[in-house]
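Read the structure below first, then the notes.
The chains carry the letters A, B, C and D, assigned in the order they are written, with residues numbered from 1 in each.
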Amino acid sequence: MKMMKVGLIGFGRTGKAVASVILDNPDICLEWVMRKSHILEHRSVPEFLGIESREPGFIHSIDEFTAEGLLDHLPVDVIIDFSSATGIHYYGKAAADQGVTIVSAISHYEQSEIEVLHTLAEKTRVLWSPNITVGINFMITAAKVLRRITPDTDIEIIEEHFKGKTGASGTALRIASELNVEACEVRSIRAGGIIGTHEILFGFPFQTVRLRHESISREAFGKGAMFAAEHLIDKPNGLYRMEDLMLPYFGSSE
Amino acid sequence: MKMMKVGLIGFGRTGKAVASVILDNPDICLEWVMRKSHILEHRSVPEFLGIESREPGFIHSIDEFTAEGLLDHLPVDVIIDFSSATGIHYYGKAAADQGVTIVSAISHYEQSEIEVLHTLAEKTRVLWSPNITVGINFMITAAKVLRRITPDTDIEIIEEHFKGKTGASGTALRIASELNVEACEVRSIRAGGIIGTHEILFGFPFQTVRLRHESISREAFGKGAMFAAEHLIDKPNGLYRMEDLMLPYFGSSE
Amino acid sequence: MKMMKVGLIGFGRTGKAVASVILDNPDICLEWVMRKSHILEHRSVPEFLGIESREPGFIHSIDEFTAEGLLDHLPVDVIIDFSSATGIHYYGKAAADQGVTIVSAISHYEQSEIEVLHTLAEKTRVLWSPNITVGINFMITAAKVLRRITPDTDIEIIEEHFKGKTGASGTALRIASELNVEACEVRSIRAGGIIGTHEILFGFPFQTVRLRHESISREAFGKGAMFAAEHLIDKPNGLYRMEDLMLPYFGSSE
Amino acid sequence: MKMMKVGLIGFGRTGKAVASVILDNPDICLEWVMRKSHILEHRSVPEFLGIESREPGFIHSIDEFTAEGLLDHLPVDVIIDFSSATGIHYYGKAAADQGVTIVSAISHYEQSEIEVLHTLAEKTRVLWSPNITVGINFMITAAKVLRRITPDTDIEIIEEHFKGKTGASGTALRIASELNVEACEVRSIRAGGIIGTHEILFGFPFQTVRLRHESISREAFGKGAMFAAEHLIDKPNGLYRMEDLMLPYFGSSE
């Protein structure tokens, strides 16, 4: 099997963690990292992260290349985007024109950007997932199944994060929206340095079922992006959610 | 819609709890309870349980009727069996001959009795579930999905019960068997009066997912038996597991 | 050691559970149950509860005896009160005059009744605890210790109960008050048939400590009342909280 | 108040985390770090860790100074030891002779080294705690209280760590030993990347109490060492455990 070549957009704290996961995966090659800032320009990713790897990955800034130029010069199969909502304007059209798969983990897009995604999805495979971990997306998909099985069961969504975090977590709000729970019903616990937990509690009259996700570190986003990239590779063009990639596993019996 | 008529075999502690759940369901009518013991014979079930209900349900003993006689005299759509492994020999053939659906919640059958179930399943719908709650069966089905999605993830099964309970719980052993975890790997906590919890922990490198089931009371078995009865009603003849009835909910997208 | 004689005021659902715990304790004798209602009058408590016991305990109604008459006729060492806020007016003075220990588990007293308790406490040992379980009172006392050790640590109070329960639980509000947490900060989860859990979460920057209490059944109140009765027996007159009886265990080193 | 001056022995992963916590505390000054290795020699600790601080702290190796020389040249109030069991032989006598407080977080000492601690404790304050976090030590002390209150209650100790960790955790074994639970009774869960949790479960007949500690990062050890240093400062010479420093908080009522 040919090794999958990946380009990474964004190199903040999460981007760095994602890069380390990609470098750690022998089936996937990190071709390049593209970021807005000139800091770290032309540094080698494995060297910067202190990871032994023979993968080429160098860090570039968007002033250096157009996306067309970058993809011509250093072609990839997949672009993974952990930058910001505007990143898509830089690379979207070039990626779609060349049939490069797009995996976007941007937290929030404006409606206009969502429309861009739809347009790009006519020419390539596009996945957008605001929380791209396998655990959270499995949990949401499973919770929707349980709600279909027992539509009248009480659902509570409880999330815990570090003290400073304001507002309910974006992930909790997305869980609420997927399960038709009012956003204001999410219970947010804020204390100390808790990294992040999300619990979906189903209260039956005579039993309780809890689906609980505990974050350990942001590398989980890298694992989720890998999962997405690997599962999109042979799919037809279109706009996908993580749930779409998981549903085949839900359908079969063994 | 015609009301579903149910006969209940077995009237121990769990049988009584199941009867109370059936009486509480306005769409299902408890026609009779059949038990081995002569104690409570000819008592009315609602009166005995102190539940207001216009359902007829009287308690009979197996010495009073053959199963054929019982089903002729007081026909039902479904037989729910919370008695013991040998109960099936009393009512199985008569039920199958009349096309009565069989829902068995017996904990353990010998191989010979499992063969009987297969034979009966040629003539009617037969479901056997050793732990017939909706929560546990959902959890097992969901856990099998997650294992298919991430086959290499570490799985731990932890169960908690009251101090006196010896050996790992039957439910935990079944979870282990369904997930290809060694039975000896189940972690059993025994303390005080804990009613019963089962947790399936998926340990990823950077995140943890816990599926946790907490029992509140044995009425949960009644709810599960109702779920089974309602979902079997329009199915073809055959031998079913709870998982088979849940899978359609897993397959669809919304 | 002489066996402790106990009289129980109140015989609702909790009172019955408390009676069963007293009957089960070979060191304590249930002399009588006193209640407002005439229902069950002159029934034997062990017989009514289906418990084998040689203890005399009969059920009386307050119309039958004055408290003085009752205590003369059937003297006890301790009165345990699971009735209502007004119960104290029936038996308080008579008990104090005879030096009978009073253990009150009433949820809420008006200020005037609290003053009555103070007056009675000049003549006998009086304990009032709105949630008299050993577990909850240990947890509150321990949490106050941890708050003294680390006064700046974030505290969150989370309680879970069945769907219908309105408002934060009285126990959660008491925990909040003891820990100087705003009542409105208590997080209340309401779902299905959850019996009751209370969690006090201490969020440190680099670690989390959770003190969690899970109720199984109301018999826990009986165990707590026994604990109180046994620990008050050799105390001087005065008004006590459960915490006062627990503190000696906190102080010693081994 | 004069600022407390601290010297740190050991600069492995935990030592570095501890140093960052000390630098972050405005009331405590990190005078120096002493380690075996020559790597990083003469680097500034704040600069190496990327922390802004005006504290002097430079890194030295034990070949550079005798402990007497070091303490003459760069005197401190407290030595905090996160090195290894043999570290005490380097600095112990010099520290005791000068009355410098010793806080040792070494996991395991041989009997001969424990005797050294006792000898040093005649001349200065010595604290040894194998898991020096505030959370774990509070939990052990509180659990011992609850065991004294209810000596017959079932206790279960459950710990969770990352997959590779072999054997029960040292902390769990210490909890077991403090609570007279057999070491083989500790339940060890091993899965994925779990940082570390310890739960002490008290199972009562009608209620359950769980004391649960969740580790977030090793900086917690630094906080615990600070707690120890600050509480030892005005104590008489002697050998202390963390529990000894916590007990005064347990004893008082408000």
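We take it that contacts are C-beta pairs under 8 Å (C-beta built on N, C-alpha and C of every residue); 3 or more make two chains touch, one makes a residue touch a chain.
What you are looking at is a predicted structure, and each value in this text was computed from that prediction instead of being measured.
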(message) I want to compare two interfaces, C-D and B-C. Which one has more contacting C-beta pairs?
(response) C-D
(request) Please indicate which chain is farthest from subunit A, where distance is taken between mean Cα coordinates of the chains. (result) C
(request) Calculate how many whole Å lie between the centre of subunit B and the centre of subunit C, each centre taken as the average of the chain's C-alpha atoms. (result) 39
(request) Could you tell me the distance, in whole angstrom, between the mean C-alpha positions of subunit B and subunit D? (result) 52
(request) Give me the residues of subunit C that touch two or more other chains. (result) 192-194, 202, 204-208, 216-217
(message) Using the touch definition from the top, list the residues of subunit D that touch subunit C in their complex.
(response) 133-135, 138-139, 142, 144-146, 148-150, 202, 204-220, 223, 243-244, 246-247, 249-254
(request) Would you tell me which residues of subunit D are touching subunit A in their complex? (result) 192-195, 216-217
(request) State the interface residues of subunit D toward subunit B in the complex, per the touch definition above. (result) 153-156, 158, 160, 162-163, 187, 189-194, 201-208
